[in-house]
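Shared between the two complexes below is chain A, which pairs with chain B and chain C, respectively.
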Partner chain A sequence: MLGAFQDEDGALTLGNLDALTSEAAVSALKGSLILSASTALLGAVLGAVLAYLVVSLPPRSLLRRGTLALSGVLAQFGGVVLAFAWIATIGQVGIVTQLVSDLFGADLYGSGWLFGLPGLVVVYCYFQIPLMVIVLAPAFEGLRPQWREAAVNLGASTWSYWRHVAIPLLTPAFLGALLLLFANAFAAYATAAVLVSQGQPIVPLLIRQAITSEVILGQANVGFALALEMIVVVTVVMVAYSLLLRRTSRWMR
Partner chain B sequence: MTPSRSFRIARAVLLLVFAAYFFVPLLAMFDFSTQVRGSAPGRTWDNWTFMFRDEDLRSSIVASLLLALLTVVLMIALLVPTMVWVRLRVPRAKKLIEFLCLLPLTIPALVIVVGIGNVYSWVTYLLGDSALVLTFAYVVLVLPYSFRAIDASLSAIDATTLSEAARSLGAGWFTVVVRVIMPNISGGILGAAFISVALVLGEYVFASLLRFDTLPVAMAALYKSNGPAAMAAALASMLLVSALLVGLTFLSRDRHRRNPGASS
Partner chain C sequence: MTDHTSSHGLAVALSDLTRVYGPVKALDGFTLDLAPGELVALLGPSGCGKTTALRILAGLDRATSGTVSVGGKDLTRVPASKRDMGMVFQAYSLFPHMTVIDNVAFGLKMRGRDGASRRTRAGDMLDLVGLGEHADRYAHQLSGGQQQRVALARALAIEPSVLLLDEPLSALDAKVRVQLRDEIRRVQVEVGTTTLFVTHDQEEALAVADRVGVMNAGRLEQLAPPAELYSAPASRFVGEFVGLSNRLPAEVRDGVAALLGREVPVLPGSTTGAGHALVRPESVSVVADAAGTATVATVMFLGPLSRVTSTLADGTDVVAQLASSDALRLQPGDAVRLEVAPTPVLVVA
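On to the complex of A and B.
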């Protein structure tokens, strides 16, 4: 990482950090943060819904165990294959694109939004939601039915049970998972590398350009600086995560 | 409390929506991979056999499989003796080892590549240009997952008593690790091996940025010239990996059933 502070001849410099304030770097960082935050939020909310649905199934049901096992697989499922799958689905000749245009005459493909930031949001959710399910399902399982019965006995409606019992109990787990998802999306590279071939909307792709570019030489150290920037963001998230975990474990004895 | 009728209907509908979101892309990929090139009507399995006929793709598959094998062997050879030794002789170092092993999980892989790039120009200079030199990077990459699998099964057995018994019967350290400890934690080792293979087969970041031809890199390159064949190869590799990971969940369930008292 020392490379972040060196120039071409190996002399120490802060010049590379200046590159971080260039327009491309700032917009890439903004894109990365927007992408990570939105997929973390979407994935967390939808994943929480799915986790609740799954946990509400009977404990021994095949559907429940199957969904949990499948989530374990899909959460690991990123990279090249995922990009292909989405190109085949809502790419220019994807089956859903063609179905929609046959049925409703609408053009789902549009001007290629799949290959930009909005497309990445849809695609990233594909591995964020399962990750949320495996992280949050144990928290839902920890909600004892007795608590609900006690609340109902005391005259609580379903809404007030959720408002005053379940949601406060789940909030720390939910926030922790949210941070985890954020870091996960921030670090993901392979899917974006295959999907996006023009422009550098997010930081990992900008790093790719910096260290593989054959047009502009001497960019490798800028790559180091960008990598340093990623480490800083991830460290902040991870420190927040461990602080949260410490706070939670105080209450979860 | 039994769920109400309307809740059940809503649950079924929502589960169907989620299922559609997760399965349609896979089905689309399958559909795409059986299409005849150039969007002509009709179905064909040509694209599926393409991966055995094409020289580049076949060599990349072989490279990826060999890479997976080497990574697993090296990972076991490094991790098992270290962890046994730490557990038996220097328990104080456990926190350090755990921290080191979990570190690759928190640092984005891309950042590791950027840092490791210079090291690799030396590695390829010394050991040649084969994709197999990626093994060293991949061992680091699979450390967090395999560490957890092995650590769980190692804490389920009484390693101290076992090794003391073996030592007092005249066994050397090598015999203790290979013939006494390893058979006892075979479940954990197998789990670690499974997840390592799954990770190595899907790994793209290292291979593409360091310019080695492994399966995912070859697929991404192939996609530009022959989309359906690339889809077929992608789907095949994905099926293999899912089979491994599903096998892993069943394996761990068996282990839990056999020793229910163990905390892992």
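On to the complex of A and C.
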């Protein structure tokens, strides 16, 4: 953090913060926020549905245990390996790209969307959805059968049970998982570093450029300022989360 | 003054219910009738099918065959949400994210009642169970006994046609159990709702029920008022399951059993010839007698009553329940004479 307020020679300065208002920095922040928010939302919704389906299976079911185990692995399956897997699958000469081209004459690769922000959204979902599954599955398991039975016994339909009982009970866990997914995507670096070769659409890549660029030297402290900016964003999201949690989980205190 | 009484006391009939789970027959031709406003306790060991019967009545489980009717209406295929029954579960069934009053009002909300009338009715129900001052608390801020009282208020708030109690006291400590047991009975009598109470605790069943049904292996062994069930068990299982029984060698001839040198009438259903009589400890008296053929083995002090175990010459142990003032005069090793009260006994093969 201190580095964000120092120049190359170690003297205190606010100059590095000016760089945060540059077009590249603003665009990268926007890209990071869009990428993190969209993959957090997609991952949270799709992951929650998948978690519910998995938890609905009998506890000893092979499919349930297999899906949870696979989710545990895929949630950690980011980085270079993931990026390569996607390139090998739907890259310019990827297996699926070739197959679709041969069978249907369609160009899946298109203008190279995989290597821009849309591609990152798709690829990030590959670890965001499994992460949501392993984080939210225990919350679904925590829904006691007695609550559903009590609700039904008191006249609730399936929809009423979900609306008045299950969703309010799951909300704190869902919000917590959503925050985790946002932070997970916001801080992810390696996958994007391998996939994106042109431009710096997200903040971590801009930080890399600032620290390792051989074209513009002496930008390391700008990188520190960008890192500080990321910390501030995550802090703001966490404060918003805790305010929201306070409203939705009064009953937990 | 609030009127809690209900005109919802309806007759309930469970007819020839069978429930099969794979190779297990949880219910096997189970039949039970409840009179309007009656409280029947279903008693039996774990796995005897009592909870299955209750869940089928609630609509939370489906019978493989047989019918369920309430007030003469066939409910066999009616979903649980439309059956108009209140249920109190074993524990932890309150919605943790709702306050006590919102929990109690939940069923009314599902029935489309407006907010003001919901709160009034829920408040009345909380007063009925003595928790009016806890309306704004959450479940985790209440003791186990209070939570079950809220669950009872919630079940009654919808003015159910039938009240179902699924071992509602089993998770509570002994003192609270007794208090809440008495309270359940008081409230049930006050509102007059037909009630089915499932428990594995015989003291609980005998204390609260108008009639007790003893279940074994998916069937109803006996359905009778508590005193009758205790004093005149219809089968060996009931005799051994309800209360404590001595199994004493006996010879039955002409409806009379020769037992410890005395003739005692036998209950219907008894075997003839040689068998074992099921004799309650309180039907046995112990008399200090140097010429007696039994020997005191142990004296167990239980407060106002004590349990004295004596051994007969053939090695059979006989348990007697005596007033502690009499029992404490006896010492292990004393020679005693055992006598059996002339009340009818069940003799089994």
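List of remarks:
Methods note: the second predicted complex is superposed on the first by the 236 of 253 C-alpha atoms of A that agree within 3 Å, B and C clash if a C-alpha of one lies under 4 Å from a C-alpha of the other, contacts with A are read in each partner's own complex, and residues count from 1 in each chain.
As a working rule, a residue touches a chain if its C-beta (ideal position, glycine included) is under 8 Å from a C-beta of that chain, and two chains touch if they have at least 3 such contacts.
All of these numbers come straight from a predicted model, not from anything done at the bench.
Looking at the superposition, the partner that touches the larger set of chain A residues, chain B or chain C, turns out to be B. Of the two partner chains, chain B is the only one that A:Phe84 touches; chain C does not reach it. In the superposition on chain A, A:Glu149 contacts both chain B and chain C.
In the superposed model, A:Gly94 makes contact with chain B only, not with chain C.
Look at A:Ile211: by the touch rule set out above, it reaches chain B but stays clear of chain C. Looking at the shared chain after the overlay, A:Ala187 reaches chain B, while chain C stays out of its contact range.
Once the two complexes are laid over each other on the shared chain, residue contacts for A:Trp162 go to neither chain B nor chain C. Counting contacts by the rule stated earlier, residues 149 of chain A appear in both its interface with chain B and its interface with chain C.
On the chain A side of its complex with chain B, the touching residues are 1, 3, 46, 49-50, 53, 56-57, 63, 69-70, 72-74, 76-82, 84-86, 88-89, 93-96, 126, 129-130, 145, 148-149, 183, 186-187, 189-190, 193-194, 204, 207-208, 211-212, 220, 223-224, 227, 230-231, 234, 238.
Residue ranges of chain A in contact with chain C, taken from their complex: 144, 146-147, 149-157, 160, 164-165, 168-169, 249, 251.
Those residues of chain C that touch chain A in the shared complex are 58-60, 79-87, 89-90, 92-99, 106-107, 109-111, 138, 140, 151, 154-155, 158.
Residue ranges of chain B in contact with chain A, taken from their complex: 1, 3, 7, 11, 14-15, 18, 21-22, 24-29, 31-32, 39, 106-111, 114-115, 117-118, 198-199, 202-205, 208-209, 216, 219-220, 223, 230-231, 234-235, 237-238, 241-242, 245-246, 249.
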